[in-house]
Every structure is written in structure tokens, then in C-alpha cells.
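Below you'll find a set of structures to go through.
Both complexes shown next keep chain A, but they swap its partner, so chain B is in the first and chain C is in the second.
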Partner chain A sequence: MIGFSGQVREVFRRELLVAWRGKARILGIGFFGIAVMLLFAVGGEAAGARLTKSSAAYFILAELLASTLLFALIFRIETEDEALEMLMMLPISPSALFYGKALAATVLLGGLACVLAPVGVVLFGVGLVEPAWMLIAVCGLIVFGLAAPGTLYSALTARAPAQEIVLPLLYFPLLLPALLAGSRALTLVLTGDVMTQVPSWCYLLACFDILYWVVCGLLFGRVVEGV
Partner chain B sequence: MDTDLGLILKDIARLRGRRWVLSHIDLQIPPGEVWAIAGANGAGKTTLLRVIASLLPPSRGTVRFDDRDPEQDLEAYRAKIAFLSHRMGMYEELSALENLDSVARLLGAPRSEAELSTLCEQVGIQGAADIPVRKYSAGMRKRLALARLTLQKPRVVLLDEPYGQLDDAGFDLVDRMIRQWKDEGCAVVLASHLLERAGQVADRGAILASGQIRWVGAAADLSNAWARLQAEVA
Partner chain C sequence: MIGKLRRYGVGVVGFVGLAVAHYFGLFVAPGEAMMGDVGRILYIHPQTAQASMICFLAAFVCAVGSLWTGKSGWDDAMASFAEVGVLLGVLLLAQGCLWAKPTWGVYWVWSPRLITSAVMVLSFAGVLILRRLVEDPARRATWSAVAAIISAADVPIVWFSVKWWRDQHQMQSDVAKDFAQTFAWVAHTSWFAVMLLTGWLVWLRYRLARVERAHLETAADLPARAAPLNLDGGGEG
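Our next item is the complex of A and B:
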């Protein structure tokens, strides 16, 4: 038997390998995110909204909507041939499974953010006012905040008859506090943080991230044993 | 911990909705013994195997293996159980080698590519070891699932319809593997509709009907016992 960190590492490695082998589906999710950004840009322009000011919210919403497709996918691969059941028969901790999958989801969502950010620059005409590391830190915290609840709810809804409906219904409300903090922090990074509020929003976002990762990690075992 | 008790099921019952799909199941399967479980569709064979595998909790009764209790230490219990289900439990996008490699790593016993290729050769899928599993036929999937079981060092092997989807060479492969597990001292439980075949490879047999054990005896008598029970029902 391998230790907890070894289990997490192996699940993480396997998740990324499966994603790489099925990269057409992952690319499709990226294109969906870009399409959402494009729709926000066109719709916002037509409604006379100030795109620069709303760009952070549009970026986060595009990331969020694309992430629902990713989370619907990451447990579908576990249930299409009952791979999860066989995985549970191996002597591995459900928490290791959760953290391995959630870390892999974080990497994939981070990749998605790297694709969407330049698209946002072009579509919304935004530029960096604050240092680049602040943008990376805020995006990183947002992605971490999406990954843990998404992974948990992905497992919870894996066998639901209408997963594509149930997953966002459960997932979106839980993310509201993190989305609010992330949206405010990202807006300040893109438009200027004259009052030095970014660290406070980042602190709040980090607190929610830690809460999500701890609580979801604890609940995951019960969820998968019932899947 | 007593390591010679084998698999012990005491008064197992399982409720699904308002219906008892298993009830009053008492079995003791010593190490090195092969049991064949027969029964009509819906008799409860798969449910029984899933309860033993700890994938379904019994509504009543206890399952133990060498005093290991799945309710006390699920990981330790499952470490000794190998389960071949109806579904093969593979990652469709990965090749046979990648699937086996992942399992071996999670078991803490990584194998070289040459070792995994040899394993694929032993189960007869060497020509397709590096193509995605989604391109496999049902029989090839079953062979790959059998290869995965050999990566484990189980004390209890649970086989749900192990001959399903396989050709004659596959039947022989399953028989060979069962005999090898028996020689290694594993308690083997197989559920099958192929009573003659199961009767030849098993030591003991049991017949399930409506979730209850109706007959227990020598596996060689399984076919006759089944015929008698069918005649009684008719």
C-alpha cells in the first residue's frame, strides 16, 4: 500500500493522463469558454455596458460556466465503465481520490484561465493596471475556489438522470461568496487598486478556498461510497 | 488476528425498497476453497457478491474475512478483496497498459512496461495493449479486467459471471486463474449461469432463489441440484 500523498499523486497523474488522451473534449470546453466571452462582449456592447469595468465579472462567469462542463466530464469517466467502483475496491483513501481529482481540476481550470485571459484582453480592451503577479494570484485563488466544490458536486451528481441541470443548481449557490470576492479582487487588479483593497479580498477568497477544500475533502468519502 | 477463518457471512440480508433481495445468508468459505453460486436472473447473486465486496452494506448481518470487518476498517478489508464485476471498471481513453500501470501504482507495486506487456500476453490481449480501451470488444475488456485482478494479492476473489463474453480460450483462461488463486490459498466465489463449467472448477456450490440459499453441496452436484429445483418450481 502507498501513503496518502502517493495516492493523491497517482490519482492526479492518472486524471491528467485521461484528460490528455481525451483532449478533444477538453479543447471543446475551452472553445465553449471563449464562445461565452464572445457572447458577453457582443451582448454587453449592444446593451451599452462599460466592458472594461465588467470584464472581470465576464471572465469569471465564462470560467464558471465552462467549469460546469469540465466537472460533468471528470466523473463521467469514472462512471461510464464503473471505473470508480473498481477504484474504491483498491486500498486507497477517498480523500486521496478527492484531492487528486481536485488538484487535476485546478490545473485544467488554470489552463482554461490562461486561454480566456488573453481573449478577454482582446474582447474587452482591458490592460493590467496592477502588477502581473497580482492577476496570477487572484486567478489562482478563483480557480482553487471552483475546483473543490466542483469535484464534490461532480461526484454527487455523477449518476443523476439530469446531471447537466442538477450540477449547476447545486454548484453555483455554494460559490456565490467566492465569486463575489474574486470578482471584486479581479476588477481592482484590472482597473486599479487605489485603496489597497485587493489583499483584503484575496484574504477572504483564500478563507473560502480553505473552507471548501477541507469540508469537501471530508464529505467526499460519504459521497463516493453512495455513488 | 486469526488468518485462517476465511470468509464468513452471518445472517446477511439486504433490503431494496420494500423487498428483501437477500435474506438469511449464512456461509463460511475457507481459504483455498472455490464456491460456485448459481441462481436465476434476479436471484441475488450479484447483490451477494457486492455485499461481500463491501460495495453494498448489508441491511442485517455481518461479513468478515479473517476477522477483518469492513465496518471497522474498510481499507484493510478491501485490500484483500479482488472483485470482477459485470462492468470492467476501465478508463476508456487509456490503453490496457496505462490502465494496468495506474492500478499497479495505486497498489504500491509499480510494474515495468515489459512486465505489464507480459501480463497482457498472458490474458491474450498483447496485440491491443497500447490502444484505448474504448476500442476493445467485450471479451477483450473481460480479459483486461482479469489481468487487473492478478495485480492484486487478494485473499478473497469474487467473480461475477467470469465466463461472460469470453470464447473457449477465455473459458480456459478463467479456469486456470481460478485454480491458481485456489493454489495460493484464496477463497474464491464465482457467480455463473454455466453450471457444468462452474461445477468442474469449484469445490462447493450453492443455489440462490429469491435472495435465499436453497441448496448447498458439492459443486459436482450443482447441475443436478439446479435441475431438481427447477422441476420442483415447475
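Our next item is the complex of A and C:
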């Protein structure tokens, strides 16, 4: 019998393996994110918006919208051929299942951010004013903030009627802190943090991240029982 | 007569209390020292905020009760608290916008207090919509309870946000400090009136939810009890 961390590791590896085998889907989500950024750039340019100033928000919005597709997918795969029921029969705690899946989602979203960031540099003409580790820290906090509620609601809506409506309805409000605090922090990292405001926005992000990871981990068991 | 008094009495007392508090708050009490007349919002805004947060916290407790016991009463109570909480939350945000325009020059600023409050209201609105979309009562109860618990995690953050991230939004109002003692009773009256009305609305909504559930359960039993109607016109004769 493997311990909790071992269970999380196994689920994590399994998720990444499933993602690797379904590369076409993951690539599709990446291209969707790039397409969204391109549309924002075209729309913003046409409307006369200052693209450099809005680039952080466009980047996070592209990440959010692409993440919705990812989370719509994660548990839909499990509902095919009763995979989830079989997974639940394994000696794995629901929390380990959640944390494994959420960590894998974090890695995938991190990968998506790595793809979108250079696209943003090209499209919006932005550069880095603050040190690179600040950019990585802010992006990491944003991605963590998306992964936990996304994984939980993915499980909750996997067999819900009108998943395409229910998932964004529940998921988007929870993303507002990531969107707002993340946009502020990222803008400051890209344009210069004269008044040292980045840490306070990072605290806000970190608060929501911790809260979501703890609460979602606790509730996941009830959700998969009901699915 | 007693039934009507019991049903509407609390609501009537609440409305009268609110009217009295508004009259004194708007026309009798002097304007706030720094903000002038705009400061009169203190006679309703903090009360609405507290009532909405109490509703969301109560929805959280009921959601935990629903998950724990699986009884439908908890689920109906959770939905009632969430509905009234969303109503109060929308009122709260509207009041805040009306106050912010003359004070800050804009209806909305991106402060943590405002962000977290909007998230709280939107999250619970999502819970209510989820309830409308899921027809199976057991799943609806479990899923909406889970969603309500996650949404309620935002409530303490809303409360402490002004302490953790000091921004444009002022700290929580303290009736003992923020009001001249002559008019503190107005704020207290408004608080009691808002709480009475909130409790009354939740109670009415809960009763309605119970009646709806009983009606649906009866309707579900009907086909088994009643003989099927022959609507084709093809009878014996």
C-alpha cells in the first residue's frame, strides 16, 4: 500500500501520460490560446487600445479561456468507458486523486503559459522591466489559482447537463482574483514596480490559491461519489 | 389572523424599522464630518454587507449540513440563504457604486474589497444557476452544497480584505466610534430592521422551497397511484 504522496505521484504521472497520448487535444488547446491572444491584439489595435498596457490582461484572459477547454476535457475523458468508476476502485484516496490531477493540470497550464508568453511578447511588443523570477512567480501563482477550482468543477460538471454552460458559470467567478490580481501584478512586472506593489498582489493571489487547494481537496471526494 | 400575523408580522416590523431608520438617517441626522451627505450611506451599507455575509455563512453551514446528513431540509435552507444573500449582495454592490461615484469619482475601483465582494456574489449566483440546471435532487443537493462551500470560502476574505490590503475602501464601520451617540440608535435600528427583513425573506423562501419539494414528490408519486388517462379517444364503447 503506497502512501498519500506516492498516490498523488502516481495519479500525476498517469495524468501526464494521458495528456501525452492525447497530444492533439492539448495542442488544440494551445492553438486556441494563441488564437484568443491574436484576436485580442487585432481587436485592441482596431479599437485604439494601448496594447502594451493591456498585454498582461490579454495574456491571462487567453490562459483562462484555454483552461476552460482543458478542464472541460480532463474529466470527460474519465467518463468514457467508465474509467472514473474503475479509477475509484483502486486503493487511492479521492484527495490524492484530486491533488494528482490538479498538479498535472498546473503543469499543463504552466506549459500553456510558456507558449503564450513569447506570443504575447511578439504581438504586444512588451519587455521585462522587473527580474524574470518575478514573472515566473506571478505566472506560477496564477496557474495554481486556476488549477484547483478547475479540476474540482471539471469533476462536478463532467456528467452535468449542459456542461459547457455550468463549468464557466461556476469556474469564472472563482477566477476573478487570479484575473485581477494577476493582471495588476503582471503589468507591474512588465512595466516597472516603482511603489513595490507586486508583493501585495501576490499575497492576494497566494491567499486564494491556498484556500482553493485546501477546500477543493477536502470536497473532491463528495463530488466524485456523486458523479 | 394569527397565521397572517405570524407570516407577515416580522416583515412589517422590519419595513417599519427600515423606514424609520431611513427617515432619521436621511433627514434628521447631520451629514458625516468628512463626506457630508454622502456619508449617510453608513445607515444602510454596512448593515446590508453584514446581512449578506451572514446569509452566505448560513448557506455554508447548511451546505455542510446537507453534505453531512443528506436531508433535504438543509438543502432547501442552503438555497434560501444563498438566494437572499445574492439579493443583498447585489444591493450591496449597487449601494457601493452609488457611494463611490461622488466620493472617488468613479463607480468602481479595482480594490481587493470590491473584487472579493463581487466574486462572492457571482459565485453564489453560479450556485443558484447550477441548482436550476440539475434536475436530479440528490445530485443537485451534493453539487450545489460543494459549490456553496467553495463560494463561502470567500466570505472571511471579504471581511478581512480591508485589514490585509489597505486601499481606498475604509475599514469596517464601528457604530460606537463612527457615529455621534445621539444618532447611533439610527444605525442600530437600521441593523435590526435589515436583519429582521433578511430573516423573514429567508423564512418565506424556505417555506416555499419545502412546499415546492412536497409538491414535486407528490407529483412524482401520482402516476403510480392514478389510473392512466386515455387521451386517444379510443375507448370501450
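A few points about this structure:
Everything below uses one rule, namely that the second predicted complex is superposed on the first by the 227 of 227 C-alpha atoms of A that agree within 3 Å, B and C clash if a C-alpha of one lies under 4 Å from a C-alpha of the other, contacts with A are read in each partner's own complex, and residues count from 1 in each chain.
Criterion: a contact is a pair of C-beta atoms (placed from the backbone, for glycine too) under 8 Å apart; a residue touches a chain by one contact, two chains touch by 3 or more.
As the structure is a prediction and not an experimental result, all values here were calculated from the model.
In the superposed model, A:S54 lies in contact with neither chain B nor chain C. Applying the stated contact rule after C-alpha superposition, one finds that A:I92 touches chain B and leaves chain C untouched. When the shared chain is aligned, chain B comes close enough to touch A:D81, but chain C does not. Once the two complexes are overlaid on the shared chain, A:G6 sits against chain B while remaining clear of chain C. Contacts of A:T151 after superposition on the shared chain: neither chain B nor chain C is touched.
Contact with chain C, but none with chain B, is seen for A:V166 once the two complexes are overlaid on the shared chain. Touch criterion not met for A:T68: it reaches neither chain B nor chain C. Once the two complexes are laid over each other on the shared chain, residue contacts for A:T106 go to neither chain B nor chain C.
Looking at chain A, you'll find no residue that touches chain B in one structure and chain C in the other. The residues of chain A lying in touch with chain B in their complex are 1-2, 6-7, 10-11, 13-14, 17-18, 21-22, 77, 80-93. The part of chain C that touches chain A in the complex is made up of residues 67, 110, 112, 115-116, 118-119, 122-123, 125-127, 129-130, 133-135, 138-139, 142-143, 145-147, 149-151, 153, 157, 164-165.
Considering their complex, residues 149, 152-153, 156, 160-162, 165-166, 169-170, 172-174, 176-177, 180-181, 184, 200, 203-204, 207-208, 211-212, 215-216, 219, 222-223, 225-226 of chain A touch chain C.
Those residues of chain B lying in contact with chain A across their complex are 53, 55, 75-76, 78-79, 81-83, 85, 87-94, 98, 102-103, 105-108, 132-133, 141, 148, 152.
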